[in-house]
Structures are given as structure tokens and as C-alpha cells.
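Submitted below is the structure of interest, expressed as C-alpha cells.
Labels for the chains are A, B and C, by order of writing; each one numbers its residues from 1.
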Amino acid sequence: MSDSYVKNVVEAALLAAGRPLPANEIRELFDEFERPELARVEAALAALAVDFEGRGIELREVASGFRVQVRDAVAMPVSRLWQERPPKYSRALLETLALVAYRQPITRGEIEDIRGVQVNPNIIRTLQEREWVRVIGHRDVPGRPELLATTRGFLDYFGLKSLDDLPTLAQLRDVESLGVQLEFGGTMEAAQAQDPDGGTIEMVEVVEVVEVVDVVEGVELVGGDAPADPGDETAPPRKVD
Amino acid sequence: MSDSYVKNVVEAALLAAGRPLPANEIRELFDEFERPELARVEAALAALAVDFEGRGIELREVASGFRVQVRDAVAMPVSRLWQERPPKYSRALLETLALVAYRQPITRGEIEDIRGVQVNPNIIRTLQEREWVRVIGHRDVPGRPELLATTRGFLDYFGLKSLDDLPTLAQLRDVESLGVQLEFGGTMEAAQAQDPDGGTIEMVEVVEVVEVVDVVEGVELVGGDAPADPGDETAPPRKVD
Amino acid sequence: MNDPTQTPADAAIAAEILAEVPAAAGADALPKPEQHEMPFAMVDGEPFTVMPRDLYIPPQALQVFLEAFEGPLDLLLYLIRRQNLDILDIPIAEITRQYLEYIDLMQDMELELAGEYLLMAAMLAEIKSRMLLPRPGAELQEEDDPRAELVRRLQEYERFKKAAEDIDQLKRLERDTFLAQAELVERKVVTVLPEVALKEMLLAFKDVIQRAAMFASHQVSRERLSVRQRMSEIIERLQGTEFVGFSSLFRVEEGRMGVTVTFIAILELVREGLLELVQADTFAPLHVRGAQPLAAVPAANDDSAESAAS
């Protein structure tokens, strides 16, 4: 079996599949008696990527495998093939998606704590229908809230190989170094997108929930005692569940 | 605008469209100010057809325009992308296969005698098509029934060096106890190095070395026409060098 | 939607908001914020910071602007960023005043105001009052700063707001990336053969053997399978030939055990009537002959089986 036959099968399979194909799945397309080594399939993929250079298409590896896609340089004329505009996503949806992507696994309540507003259930439903987000379990707390995580489909859609390829998340400046930060007029510094110690982050979130409750209680005290303040008048504190 | 840009747009459009595109529709994808003559688009199509020679795909003109399609030469492996999961083999087939393996050379009639039911001819045909069983002769009795035996392909499929790698009937009498030994890994180091099924084989082999001696002695017994002694079965295995 | 009754004070805020509308609509258009309030217009290079009182502000524009906020944290961030304030040192009194003005306006516009906005208002008021309390010592401990929690939440929200923008910028399918696909005109019918595990076959065999009570025969149960295999090999060997020398069936290199297996196989074949031992004369070499002319088996069958396995 010649190298060019292997490469032709790989090329045709990638183009026919309509979805990303992992190398081992391509390998299994070959008849049992002529099945090439995985290394040969990988070599064919590499050779294809070279073949595609300077052409209208390119080979790209995403989370679920390899796919052939239109090269950026010609994407504009090609996009005219379709009349309808691509779907636009609301900020609320994108922020929710970002929280799931960077903080997974995460519950809806935890998303709401960080965003400061309720999450519209339609948003979660849309994310699930698009198969970008799925429920991977339940947090073992009262109510057993669903734990949300992103899917490989999410990574594929955004052309990513893994979560590590997500844009770097801005660093949280330490409140305790407030004075120092002021002196230097501190700017937001880029930090690693992935916190190696996910557990710490979870803990911080739990602490935060507690503090929000404290604040609510504090509000009631202030509401009773505070001297006339236009702000207090117009915004009577309300209990929130 | 270079010829290669025109060709790249044509290539990318054809591959992205998911339907055949007429040349004039491809032409209209270009920005008005850089829109090439139709002849240039057609020249790009011709150049693409040449590029695709010897590759996994080809350019074809059909009624509604041009499309890129998988070449016949690789259509077979590519078709496996949509292959359905095969049905499992029937119990009757597995029993027939096992009887051929253990009692070969054997006729269909003899298999039927042991199984107590007729053997569907399709089963024998399936086993022959799979190249696990073949006819090696005929028994000299009325009807001259075919003598069936297993093939090298059968041994290879199950990862056996020879039929001796299969457990003996005596060992099979209690597959449950065999299974227990397997689960605990027994005393056989080999069982740990191999997958569960391979482990079975390893263990069986060692036990059989002991049995070979029995058989060798059995030859003398057969020659002397000694009656079978049930006590032998439970006799502790003897060591062999 | 009801037209709000605009008081002069509202009009001033509304004018301020209106000046921000384009900036909010397209972040790219946002000029570098300065410490003072941004001008809503530039005329002949002169900034105008006060909206003419009689300017009509379309309520729809206001509503779109106000609805653009994703919640109280988003609104607060907007107020802070608009004035280029450091998030770590928010002038709480001023921000609270501005925040409440927006809340008032939203209520005037009869926008559906989420409870979270009011909760935040209360939180701001509480922070403000705590900051007015006399401090125990000269040094203010950072962790005692009443703003700390708010600052932390604002920062936390802001980084995910930014992350959402970053994700939106990623090249994505449908909008920026298009899959290349080729047609598979005719899908070939591919027959996939079922997989069989050795154990499945052994269990099937055990069942059939138990049903047939084959274990009744001790001799059968002791049988070596290599004998069976050898029997098949010998029958094949005899294929198409009349006689084979008895001794030629043995291969010395197989050793004593192999020779024994072959010998038993021959005896078993003779017993089953599949083989005849022939001797032309006393002391003449033994020959082996198939008990019947063996049917020709297509050799191709065997060859393909072996090549498929290799």
C-alpha cells in the first residue's frame, strides 16, 4: 500500500466526514488486512497539511480531531455563499459560556454569584442545545445543583484543541495590596488562563456566597439606622433568596 | 489579483458550499471591484481539476454546476465512516465454531448430533466466508459429508498460536473456577502481563504442559486398550521439566 | 411603552447618558477617558459637557442604553471605567450617587429592574456608611476596607466580562470558519464483521458440551487439541495424492512430543475411518492413504485466509 494511497484516503475521509476525525478513527477506515500503522496516518496528515499550503483550504487540529477548513485569506468571498447572517450571541450568553469554560465544573448559582444577576434559564438551554455545555454531575450540597462543563463540540466550534487554548484570563489584583497598586497605578496583568489549583477557586466562591448573605443582613441594619440619604430612600433594600 | 487567489477562492467555495456551484455563481462571490472574468473562473476550475489528479478527490461537473467529490479509488474506506455496527453472532454460530475447533475434522451431521438441533447452512457459510472454517475433505459415508476444520485465520483472529492454546475440555468443565483463577490473577505472572483473554490462554498453556504427559501415557493406554479411569481426572498434575 | 415624564434633573442625566450611547454601542469608538466627565460632543474642537436643556432625547435610545447593562456589577464597572477610576480605589460616595441616579432613571423608564440592582444599591449605601465611621487607629488595615469585597467582586466580574469578549473574538464556525466538504457520491456497502471474544466462544462450547453430556467420556475430555489440529493437517496433506509415506508425516524437529501428537492423530484418523494404513509387503515401508478420494478443496480459500491474517 503506497503512501499516496494512505494520504488520499486520509484526505477524502476528512473531506467527506463533515466533522473532525481523530487519527485513529481514520486508521480504522482501512481494511483490516491493509491497515497502516498510526504513525503512517499521522505522516499522511502532516503531508496533507504541507500540500494545502498556499491553497484555499487548510488542515486544522481541534479537540475532536482533524478537519479541513477554508483558509482565512479566502473566507470573506466564501462567506457570501450563505444569505443568512451567522448567529450572534448575547453578552449574557457569552459571559455565562465564559464562566463555564474557565471555571468548570460550575453551578448556575455560582455563575450568578460572579455575574451579579440571575441567569436566564433560556441561556443554559441554548448552550446545551448547541452542545457547547452539558451537565456532568451534581454538586453535593442542598438542592444538588447541576454541575456544568463545556464539551468538545464547544472547543471544535471555536477552533480550539483544548481548554488551554482559551484566551488568557485576566489576573485578579490582590485587594490587600491596594495601597501598593495605587502607587504604581497597577495595570491588569495577564495570568495563566488555567488555575492549576481549581480547588482554591471553588473555595473562594463558597466564601463569597457567605459574604453576600452578610451584606444582605447588614443592609437591613443600615436601612433602619442610616440618616436620610437620597440613595437609601430610592433604593429600599429587599431581601433576596 | 493573482491567478492563485482566484483558484484558492474557487477551491474553497466548492469545498465549503456543500452543493454544486455553477461558474458564474462562484464569480459573484468576489468583491465587485475585483470580480474576475468568467473565463478566469473557468480557467481556475480547469487548473483545480489538474491539481486534484492523483489525489483523494476530483472535480466533477454535474447538471447544477461543479462539485468536488471523493474519488472512486478511495470510496470504499471512506464509506466506512457511515458503516453500521455489525450484529452480534448467534449462539448457534458460536457453538458450531467451537465444535469445529474442538472436534475437527467434523461433519455438519456430527455437529448436529452433539448440539441436538439442525445446523442452519447459513452458519457454516458465514464461518467459511469469515475464513475461520473450511472444508478439508469428505467422510466416506453415504452422502459424503464435508469434513470441516478451522483455519490459520481462525487462530490468528483469536490470537492463538495453535489449538493447544485453547483450554482442554477438562478445564472447560468448570469455567467458573477458571474465571475465579483468572480474576485473582492466580499464580501466573503471565496473566498480569496480558489482557484478560490473553491471560486465560497463558494460564491454560501452563496447565496443559502437565496434560501432555498424560496424553503421552494415554497413547500407551490406548494401545493397551485400557479402560478410562475416572480417578485420573482428579489426580494431582505431575511436574514436567 | 409610556413616555417618561422628564424632570429637568432627569434630562441632565439623560443627556449624559445619551452622550454615552454611541460609545456603549461600539466599544472601539470609545475615546480615551479623561479624569473629568466626557464631553457629549465636540464642536469646533470645543468640548460640550452640558446638554442643552431643551434637547429631546428619544426614550427608545435611553432604554436601549439602560438595558445594555448585564446587571449591577456591569453598571458599576461602566461608571468606574467611564471616569477612568482605579477599581481598587473607588470613590464610593460619588459612585453611589451616580449609580442611584441610573437606578432612578431606570425606574422612571419603567424598565423591569432586577432585584439585584436594588440589592447593590443597599450594599453601596452600607459601604458608604461604614467608611464614614470613625476609624479605630491611624492605619487602615486593608482587609478592614469596607470596599474590599465589592472591589473583589467587580474585578472578578470584569475578568469574565473580558473573557466573554475574548471568546466572542475567537474564530468560530458559521461566522469566520467554514468546513471543507467533498461529496461521497455513492456510499459503498461495507460489511462489517462482528467481533467475537474468545471467552464468548468458550462459554458457548461449555454450554453445548454440557447439553450433550460429552463429559461422560473421560477420554474425550482429556483430549489434546493439537491432536485434532494435526488430524486436520494430515487430511489436508493427503489431498490430491494417492499415498503418502507414513514416515514423511513425522517431522523430527518437532521433538518427541510432536511426533507423539502426529502418531495419535494418525491412529485417531484410522479409528474414525478417515485414513488407511497400507503396507505392500511385510517389512515394506508403511504408506498412508485417505480412506476415500478426498474432494478437491479450492486452494485459493486457504491462501486468502492466510493472507488476510498476515
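Note that a residue touches a chain if its C-beta (ideal position, glycine included) is under 8 Å from a C-beta of that chain, and two chains touch if they have at least 3 such contacts.
Everything quoted here is computed from the prediction, not taken from an experiment.
Seen from the Cα centre of chain A, the chain whose own Cα centre is farthest off is B.
Relative to the centroid of every protein C-alpha atom shown, the closest chain centre, again from C-alpha atoms, is found for C. Mean C-alpha position of chain A lies 10 Å from that of chain C.
Between the CA-based centres of chain B and chain C the separation comes to 30 Å, rounded to the whole angstrom. With centres taken as mean Cα positions, chain B sits 40 Å from chain A. The set of chain A residues touching two or more other chains comprises 12, 15-16, 57, 68, 70, 75, 78. In chain C, the residues touching two or more other chains are 178-184, 308.
The part of chain C that touches chain A in the complex is made up of residues 70-74, 86-89, 96-97, 99-100, 103-104, 107, 114-116, 118-126, 128-129, 142-143, 145, 148-149, 151-153, 155-184, 307-308, 310.
Note for the complex: chain A touches chain B at residues 4-5, 7-13, 15-17, 21, 28-31, 54-57, 68, 70-71, 73-78, 80-81. Of all the residues in chain A, the ones that touch chain C in their complex are 12, 15-16, 18, 32-33, 57, 67-70, 72, 75, 78-79, 86-87, 89, 91-92, 94-95, 97-99, 101-102, 114-118, 156-160, 166-167, 169-173, 175-179, 181-182, 185-186, 208, 211, 215-216, 218-219, 222-223, 226, 229-232, 234-238, 240. Of all residues in chain C, only 178-209, 211-212, 214-215, 217-229, 231-232, 235-236, 238-239, 257, 260-261, 263-264, 267, 273-274, 290-292, 294-295, 297, 301-302, 304-306, 308-309 touch chain B in the complex they form.
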